[in-house]
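Shared chain: chain A. Partners: chain B in the first complex, chain C in the second.
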Partner chain A sequence: MQIPQDTQTSLERVGSYLQGVNPQRIACFPLILNHAARSIDVPVAKCIRDGELFGKAHVAAYRRYGNDLITFLSTTSSLAEAMGQKLNFIEDDAPQLADPLIRKLEDIERVKIPDFSSDGRLPVYMEATEYAVAEVGQEVCVSTVFAGPFTTAAALRGTDVFVRDLYNNKEWVHQLLELCCQAGIKFVDEILKRKSLPILVEPIGSASLISPRMFSEFVSPYLKRIADHIHANGGGMPSVLHICGKTKPNWKPMREADYDIWSLDVVDMGEARAFAGDRVTLVGNVTPANLLKNTPEQIDAEAKVICEKAIGNPRGFILGSGCEVPINTPPQNVDALINAARRYGQLTTDDMPESLEKSCC
Partner chain B sequence: MAREREDILKDLAESVVNMNMALAVSTAHEAIESGLDAYDAITNGLVVGMNKSGVLYDEEEYFVPELLICSDALYAALEILNPHLKREEGQEKIACVIGVVEGDTHDIGKNLVKIMLDVAGFEIHDLGRNVPLADFVEKAKEVKAEIICLSTLMTTTMDGMATVIELLKEEGIRDRFKVLVGGGPISQAFADRIGADGYADNAANAVKVAQGLCARFVAAA
Partner chain C sequence: MVCGFLGAGKTTFVVERIKNSRGRTAVLVNEFGALGIDGTLIRSEGGLDVVELPGGCICCSQKEGLGKSVRSIAETIGPDLLLIEPSGVAEASEVIKTLTDEALAGVIRLDAVITVIDASTFFDFSQPEAFGAFFLDQVQNADLIVVNKTDIVSPAEGERVARRILELNPSAVAVETSFCRLEAPLPSWRQKSVRSEGSFGPAMECVSITPESPISQQQMKKFSLALSSGEFGRLFRAKGLVRGADGGLINFQFAGGAMSATPFNQEVRSRIVLIGYNLDRKRINEFFA
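After this line comes the complex of A and B, so read on.
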């Protein structure tokens, strides 16, 4: 089967979703994060600690692949890092958490609301964002990604201890989440100022870890405050939430957090559509490990099945990877994913998404 | 007045499943004081509770925090009961080496599997996280393990599992061990591709798969 030519720029395509008109074909968001370092052939740790390299890597990846979203993220712990948490940098892999900043409950005093001009690698994120917006912002949507309050809190405390705090130190957990939420809102302002799209990831809110009851109590309220802030200040920008792993048990409280776009991982897209499609644009969900290990033909077949389930979603559907595109993914597999959006994502008027802006205002 | 054995066992089980560490500890003391056999208290009390927690986890009633706090109650009670265990007679446990492969420090999943295997009666040798691949082989030889459990959450480190299997082959000892793999990016297809013996998608299933792999265990059960 021939691959149909694109007749729109990436930004026009994504803009169609916001305006409620039919894009020529569905958009494709492979979550290219540290994999971008491969596009300029520098080791991951070097790329993500230098704003110019970080920016150039993502612009180069976009030029190589034609992905419809640039996503600046090196680790979900970057906000925690700027709040005082140490990371271990690994030469050619994502950084990992060092020992937690908060050992004792009173260590919460050590957590600070970050200064975006100096703390952690936030200046790297800001410089990279500015670079990409200036370089390709006229043709593709640029986003800057940060972890939600729950994930940031878990990074500062150590996830294994933090999940016990949910039972043993509830009030304290809320104090910590409040700090993380304030830092997140500041992040949103800094991103919006730079004409980039703020995207939230909340992997520790995955149903692979916590229950819907915990999600309702500790995750939704803070996510909602950030979504409200984006809606109030984003000039029509949608709020976007990505949660890795299983999420189905937590869909109900997730919906309460009021995000316009859900990027989902280990779920059935048909079920997600039935549950939330009247309110939420869905993004997903080719299996990341398959992008690394399977052939382009297998990627194409997997994407086709997902498209069949999700195209026609009332709020629209964007083909993507379930989670981060693995660092060592063969480039032809990313091509296969995007080509699948060209092949299977040609829309008829019946498939037209309703305007996202309605939900934003 | 001392309570009946059944009441004490019931409280031990319920303290675990209800995440009640204080009750687990006080009931463990009560068990010792009333002359209950420690092995009986563990297997027919605490373990029953933890298995029930495992079922709730499998049914998505319990999630990771609940299972961890249940296990905290379990281990707090075990600390009291263990010194009173009589020398085990002839009942040899199946040794199991477990760890998170080199390059990865995510260990919550591994810890859940470890807890559930421990409760199921395996002898656990936990190598921790970010474990050099050769260490799995060395430890398995040293403790005469029957099962090697490998965990990872990252796509950059999953190939380390294949390397462990290769190392076993190079030493000509592949058939002495069953290799069980799991973690976020791992699938049955990946397990098959690298020649692992088993794959499990959560901690509760890991025990079932491990038991299935050890025929001797099944025969004894």
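After this line comes the complex of A and C, so read on.
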């Protein structure tokens, strides 16, 4: 099957979803994060610590692939880093958490709301965002991604200990989440100022780690505050939530958080559509490990099945990767994913998504 | 693979295993990023290769990281035994999938999934919705469950824990310990008639198999004979669920040289676990081939 030519820019395509107008074809969001460093051939650690390189890498990746969303994120611990958590940088891989900042409960005093002009690598994120918006913001949607309060808190405390705290130290956990939520809201403001789309990721909210009851108690309320803040201040931008791993058991409390777009990983898109399609636009979910190891033909086949299940979702569907495109993914596999959106994502009137304007201007 | 939630004692267990392991041993640790206290403890045992697993998120890319690490350990260290200690919040079933993926065929053989639990917290922590899926998943996928800290729970609590384990994973063998240490004398061939579930000996092996086909009554008899005659090695204990010729499941227990078999009515996968010394894996596998 021949690959149909695009007749819209990425920005026009994504804009169609917001307006409830049929795009020429579905959009495609491969979550290109550290893989972007490959586009300018610099090691990951160098790329993600230099605002200009970080920005150039993502712009180069967009120009190479034509992805419909630029996503600035190097690790889900970046906000925690700016709040005092140390990271270990690996030359050509994502950074890793060093010893947790909060060893004892009283160490919560060491956690600070970050200054975006100086703390951690937030200035790098801001510079990269400004660079990309200036460079390609007229043709593609630029987003800057940050971890939600729950994931940031887990990074500051150490995930194992934090999960046990949910059981043993509930009140203290809420104090920590409050700090992380305030930092998140500040992040949203800084990103909106720079005309980028804030995207929230909450991997520690996966159902593998926490139950629906815990999600309702510790995750949803804080996520909702951030979603409400985006709706109130975003000038029509949708609120976007990505949770990787298995999420199905937590969909009900996730829905309470009131996000417009869900980016999902290891789930059946048909089930997700049946559960939340009347409320959310779905993004996903080609298996990231398959992007690394499978052939372009296999990627195409996997994407086709996903498209068959999800196209026609009342609030729209965007093809994507379930989680981060692995750093060493062969470029032809990213091409295969985006080409699959061109092949299988030509929309008819019946497939037209309902407008997201409920939350947008 | 040694699983267990924070505080259960899995690092102590790993340290004990290292002390008593034969041949070259390596340890693969994943503690969500940095090598924390657990890794330091293990490293302090000395003369050991500890490899940290990169990646801190439970997302799919991590699976690739695990596969890569195992392959790299095989190539650079070439250990006889690799102890894999996933994060305390890892889903055992996901790690098992990666380790048994054909991409690692010939690189690693998963001998056993051992889950260490804290007897004093287990009952509460194992309630539905106490945590996410990881907690029960670690128990449900274990071949061997090491019930640690039994010295600090009452006999009644111990009973309650034992019943809960049975509900969650009827085919696993459960052994009780304190400090994950080997306080009782090693079970030996001569002592095989003595019930010695309270200890878990050094250098003891655990073999887990999943029979593909149903087993006839005659085969079951032959299996019992093979177990008691030492055909598979010096057996301490065996337990499992196998599918009989009529399609129903049979719960069998082998201890003290005797086998018991009863019908089992829940629908679970077939699995057999053997614990003992010098177990002849090849012969065991051939028996069920």
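One rule holds for everything that comes next: the second predicted complex is superposed on the first by the 358 of 361 C-alpha atoms of A that agree within 3 Å, B and C clash if a C-alpha of one lies under 4 Å from a C-alpha of the other, contacts with A are read in each partner's own complex, and residues count from 1 in each chain.
Definition applied: a residue touches a chain if its C-beta (ideal position, glycine included) is under 8 Å from a C-beta of that chain, and two chains touch if they have at least 3 such contacts.
In this text, all values refer to a predicted model and were calculated from it rather than measured experimentally.
A.B. asks: Should the superposition on chain A be reported as showing a clash between chain B and chain C, or a fit?
C.D. replies: Once chain A is superposed (C-alpha atoms), there is a clash between chain B and chain C.
A.B. asks: After the superposition on A, what does A:P249 contact: first (chain B), second (chain C), both or neither?
C.D. replies: both
A.B. asks: For chain A, which side has the bigger count of touched residues, chain B or chain C?
C.D. replies: Between chain B and chain C, C touches the greater number of residues in chain A.
A.B. asks: In the overlaid three-chain picture, which partner chain does A:Q96 touch, first (chain B) or second (chain C), both, or neither?
C.D. replies: both
A.B. asks: Touch test for A:V163: chain B only (first), chain C only (second), both, or neither?
C.D. replies: both
A.B. asks: Given the touch rule stated above, what does A:E297 touch, chain B (first), chain C (second), both, or neither?
C.D. replies: After superposing on A, A:E297 lies clear of both chain B and chain C.
A.B. asks: Considering only touches as defined above, state whether A:E171 meets chain B (first), chain C (second), both or neither.
C.D. replies: A:E171 sits against neither chain B nor chain C.
A.B. asks: Going by the clash criterion at the top, which of the stretches 58-66, 220-228 or 256-264 from chain C hits chain B after superposition?
C.D. replies: With chain A aligned, chain C clashes with chain B through residues 58-66.
A.B. asks: Go through chain A and flag every residue that touches chain B in one model and chain C in the other.
C.D. replies: Touching chain B in the first complex and chain C in the second, residues 90, 93-94, 96-97, 159-160, 163-164, 166-167, 207-211, 214, 244-245, 249, 287-289, 292-293, 324, 326 of chain A appear in both lists.
A.B. asks: Which stretch or stretches of chain A touch chain C in the complex?
C.D. replies: 75-77, 88, 90, 93-94, 96-99, 158-161, 163-164, 166-167, 203, 206-214, 244-246, 249, 265-266, 287-289, 292-293, 322-324, 326
A.B. asks: Flag every residue of chain A that touches chain B in the complex, lowest number first.
C.D. replies: It comes out as residues 90, 93-94, 96-97, 159-160, 163-164, 166-167, 207-211, 214, 244-245, 249, 287-289, 292-293, 324, 326-328.
A.B. asks: Please name which positions on chain C make contact with chain A in the complex.
C.D. replies: Result: residues 5-7, 31-34, 36, 54-61, 63-64, 87-89, 91, 94, 103, 125, 128-134, 137 of chain C touch chain A.
A.B. asks: Would you pull the chain B residues touching chain A in the complex into a rising list?
C.D. replies: By the definition above, chain B touches chain A via 19, 60, 62-66, 68-69, 72, 103, 105, 107-108, 111, 154-156, 158, 184-187, 190, 193.
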